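The same subunit A turns up in both complexes below, where it pairs with subunit B and then with subunit C.
And now, the complex of A and B:
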């Protein structure tokens, strides 16, 4: 029980670090607005990168100049002025709210419901940084102990991380920041970076390639089962990953790793545009399980101020009998543009995609997956659960394709949409291409509403309206929830309820 | 104090002109079991929905008092937490939600609403195990999603299990005997009888006298065309069985 508490605390603390973990010397750094070759050079120099990395970034930048922002997704937002953005910025330079009174009360309410103590709320909402005293100290507001508790927890987390580091090192697992990997493991980075998502892949991925800030690097050696689930909570680098996160995970022959990304606590962030790239590579007989919970600020009731999330996530089952499994829970962001995909290159390789995408208010989600069958006897499975409420729009966009040589490719797709209220939209856009006559593709799709009878039944048993909706929706997404690691499951169930508050009545 | 006091209740479906209930008077005291019998279309189910607070009905006249409070002013879940339980004629399916989870969520929601502590998992499990044994419900069934793929008998037993776990003060049973074979009927009736207590009242709505052989009522009311046309003791049910509803229907007209 004590252990659990510690883990909980560390999670809370590390959540804050995610945003405020900048080292002091970085805090003063801020690149001028706009994007140019000079800015790319500036970023690379700040990170003290080798020449080859700079050249790689520059190649991406030059490519990006020739590209146009895609507009095929079912999302609508004002045009982004890329010359008006900082591409290398520290949060200290942006003024946050002065006290909790200035923070969107809706956000605070959500924190309270997730059980986040007041002082942590200050951090999450950007009122205070870690090294600043809480404003609540003088006010005498009873809260989660004193600042000392938080500091202890930081020490705690350091010790936990140290233990992790030792254990991982023993197994030969490399888990570090991508910046560190560029310096310490250049041969691996050179070999794999951009090998799944090339620099020229798409507008946002190319932008990311030019200016990526940081992210995680994981290498699991041959025949190794990673001794623990790797989580961004416990990422060893203390630096903020910024808005252009880059993650690279390589599972060598016969290895296995489960990676957890994200956090259920809603995050406020000054950087409106996020464009991450995640690349996964599995060699022969290897497996990667990648789970995400994303709950970024969705904006106010009118959708203002929410995060734009343009992500490219792709896994390459490069070796035979390898497997990549994506599980995602998307509840935040004003705009989500995200298609975690699998390239099933190795014979007998398997790809999986399990998704829960919830949209409420004015949120716009265009998400799905691509399963590209290249090898023989490859199989894939897609379970997508979209829930739309409020005035939101929720689109599933998926591609399943079998190339000429992909004999006996198999896919099963189940795509269910649930509507709450009568002002939201759900769309399903499946693309299916089979160039090999032995392919077997199945696609099932349903659209339903929460029925009045179900609501009445649950309420007659004592649940209020919001509890009833949360219960019914949790039932609807159960197949996907079960794919999540245990510790994420309970949190996610709670999160689903919170995400849908105000969606009825 | 009576548990339920219905006075001159007039009800119609929202947006329609025809009255379904046309002046019901009924007083139910703690410990009593009242049977409401009547032909199809007499307004039996409407009465059960109005008591539990379903939308779609408009109360045009009259009042319903529950333990001294105005029941009609309360939300559906408030009524539930205050102890009003409706055993549905057609229990609703909730896919993906295990019955056990549903039970626990409901019980804890009610406890929370009443300002009581939530039950711990072991304490809850113990309660459920005891109550489900009596209703011959296997634990395996409780893992299945609420009412999904349940047989008619399973659905009704699950309703009574919910009633047993939630321990309401006023149980309204809407055609609980429909769709049951004789064995299932006996089990359900036993479950209901076990819940009879001096503090609790029941309103048993049924078309057939058969159920009342097993759940013996203190009072029987005949509902016809939206009115209670005759009240009596349990022997009234037997009388109905012999002569049918026809006499009463004419009486009402």
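And now, the complex of A and C:
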């Protein structure tokens, strides 16, 4: 029996190196290569956007022309030729199917390979958190069952399937693609789009503002606790397609939402650019919990191929007593450049950042967070666990700052790095800026390897080397794993094992 | 050399003043002053767009022209003696080498009489330098991208060259006195070569009348042989209008022990950089310091510890007490190169903010390319712990005294790193007297 398991395991490791490395053959519609005002107009026209949206995009594009690509991050990659990319790709079946039956069966198959068959997802009520009773029962609001997951599936650039929409609508939650929101909720989009990450924020965010393809839009009305976890699965599919998601989540006064984002991408040789922008806004007493599992193709053993992941994620705790919590598990991508941040503007607001970043092979990760304390009595917490193996480089880069008026700001930061093998690098670059005396900041960082004692202990009990490493690493990242929603937690533990394959021995 | 159109007056003065100054400065064939100036001309003063100077923008902070000091000034002996007597090391049996406004003053110094140590004035010995001097001067300092070090080399007027061949009994104090007068830049250089198995204790004192307005640029190079021991304690009490720029570059041999401590309470702007490079295995380096800053003082400590070889340890402990509008900066970078296994590096920077407008910026950095290492850093910022204060006051200790006790204890942790007991006592005393003169107004 045990032998059989071993055989299975070996199969999984050798044959299925990158589990999600397949390519779906499906007709798609591409914009011509390159970037110009015409392409921006083309994208806008394809999406049938109103004039103000086009103007917004064009303003961003003109701004982008004047900007230079940043080079401060500890990542190394050949210069991107922006004129050699397609900035828009849409699967042909964009008519907005009303039910799963109308969806292209090839698409459904893709989801099935990803391990997230939508049909199953519809019935995925079994993922409820045991310790969390359905909050809506008592409040007299219709119950939806707290364990449900609604998915806004982004296949390449256009949302094709949205489930659970009606149920969400009953609660007053708006969960749709951003292109739909532009048309149907222009007042909300106009008010909040670009209010957290302005058009001119940085090179990639500006590029995104000009050519963003699609993404999710979430609005949680006042006093509403979103009845289910919202989730988007992103896939990059078409060859040479930059994918530029734009996500905007607004939690109105006293509301709560938990949002999951999981990503995988097919294996291929040419690097793919991914420059997303995610904006979160919490008003008074609202809370957003944003979780990411990122498992894009990291490139082959020599570092060829793989996704370039240049993401700008930022949350604005605009209201008092509001809270934004980022949890990320970064195992994929050839290059990750990502700093989910919190602007703690409202008094008593809270920001959290929990991160696991695993790099193997020749992956390069430069990730971290910014906690900007502006309001009074604001607090933030950063737990970052970096694991580097192979020939990878893993950098934590973070900023914690308290402004003059942010009295009683409080921060606790812990960044731990684990090194597996003597050819990888682990770096920690924290910036700590306390501009008033009542701020209390604590920062702690350690770097070490898995101790021989731990390995010996685990192996002595019959685990092989890789299993032992996976077990110890899972223990090392435990603090962060616990922050993940239930359905991600189990998957992530497995993912950690897969990501570290080939890192020992 | 093309002049950059937006040069600051300070930069302009540094570049244009060189032609006139050069003739008056001591020279040697191997001393590449011109190249250094050319490098500075390229670089200009460091500014906040340069990552390593993010928090200390010299283009902004060096506020006007400070022409280079080239010739000796008239010395008011009494004033110098009075200033030198303020040294915290005054009560310790030691030899002294006194430099006034960038020139060595043998008549005011009491050079060591031991045979284990040789002390030379740089300006007197450059032309006909002994081999250990000409070979080592500039050997540790990288000039390529450091504008401040380049400026130092271009304008260096004097300094000390110290060769330690055995175990020194008596500590040596280097006293750098700046008399008041016109704004100027004083560039000095210290070279300390410690032979294999030799040891020495060097003190460094920087003093000036209260309102001295000058730029003091000191570059210190330390070359430690195998099994050498080096203890260094520096107190910087430059004038309240002064700019203090110090570079300490150390190259450590195998099984050497390097211990450097600095206490900073002077200067309007100070930036102390320490670069430690390990050249042999089983070497320990300990760099620690205390900053006591008030008013609008700006104090920056930047460390780069380069673990290039295996089996070495590094320890850094910095404590900053910041009052009024003072701004403290700590940047510490620990690099562990590939194959530098068994490295043990620990770093701690803590700031105590005593006034609402005090500011602390910190960037402790780890850059690690080897897996079998234990490295860590910590950084904290905050005000005095109310609970601790309450505890003391509940026991009948007045608030002022209670605060002084707590601050002294905070500072004392770093002072502990100094090996000589007499020096530790002197440093603690200095901290106490700073606390009494700088009433922590906002909290009292």
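In the analysis below, the second predicted complex is superposed on the first by the 384 of 505 C-alpha atoms of A that agree within 3 Å, B and C clash if a C-alpha of one lies under 4 Å from a C-alpha of the other, contacts with A are read in each partner's own complex, and residues count from 1 in each chain.
Convention: a residue touches a chain if its C-beta (ideal position, glycine included) is under 8 Å from a C-beta of that chain, and two chains touch if they have at least 3 such contacts.
This structure is a prediction, so every number in the text was calculated from the model and none was measured.
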- request: Evaluate whether subunit B and subunit C can sit on subunit A together after superposition, giving fit or clash.
  value: fit
- prompt: Given the touch rule stated above, what does A:464 touch, subunit B (first), subunit C (second), both, or neither?
  reply: first
- prompt: Touching A:428 in the superposition: subunit B (first), subunit C (second), both, neither?
  reply: second
Message: After the superposition on A, what does A:170 contact: first (subunit B), second (subunit C), both or neither?
response: neither
Subunit B versus subunit C as contact partner of A:476, first or second or both or neither: first
Message: Output check: A:79 vs subunit B and subunit C. Expected answer is one of first, second, both, neither. What do you get?
response: neither
- request: Would you mind checking which one, subunit B or subunit C, touches more residues on subunit A?
  value: C
- line: In the overlay, subunit B and subunit C get no closer at Cα level (Å) than 16
- request: Flag every residue of subunit B that touches subunit A in the complex, lowest number first.
  value: 52-55, 75-77, 79-81, 85-86, 88, 91-97, 101-102, 105-107, 109-110, 113, 145-146, 162, 166
- line: In the complex, subunit C touches subunit A at residues 51, 338-339, 341, 351, 353-383, 442
Field: For the subunit A and subunit B complex, residues of the former touching the latter
entry: 451-454, 456-465, 467-468, 471-472, 474-479
- request: Give every residue of subunit A touching subunit C within the complex, in rising order.
  value: 72, 404, 417, 419-449
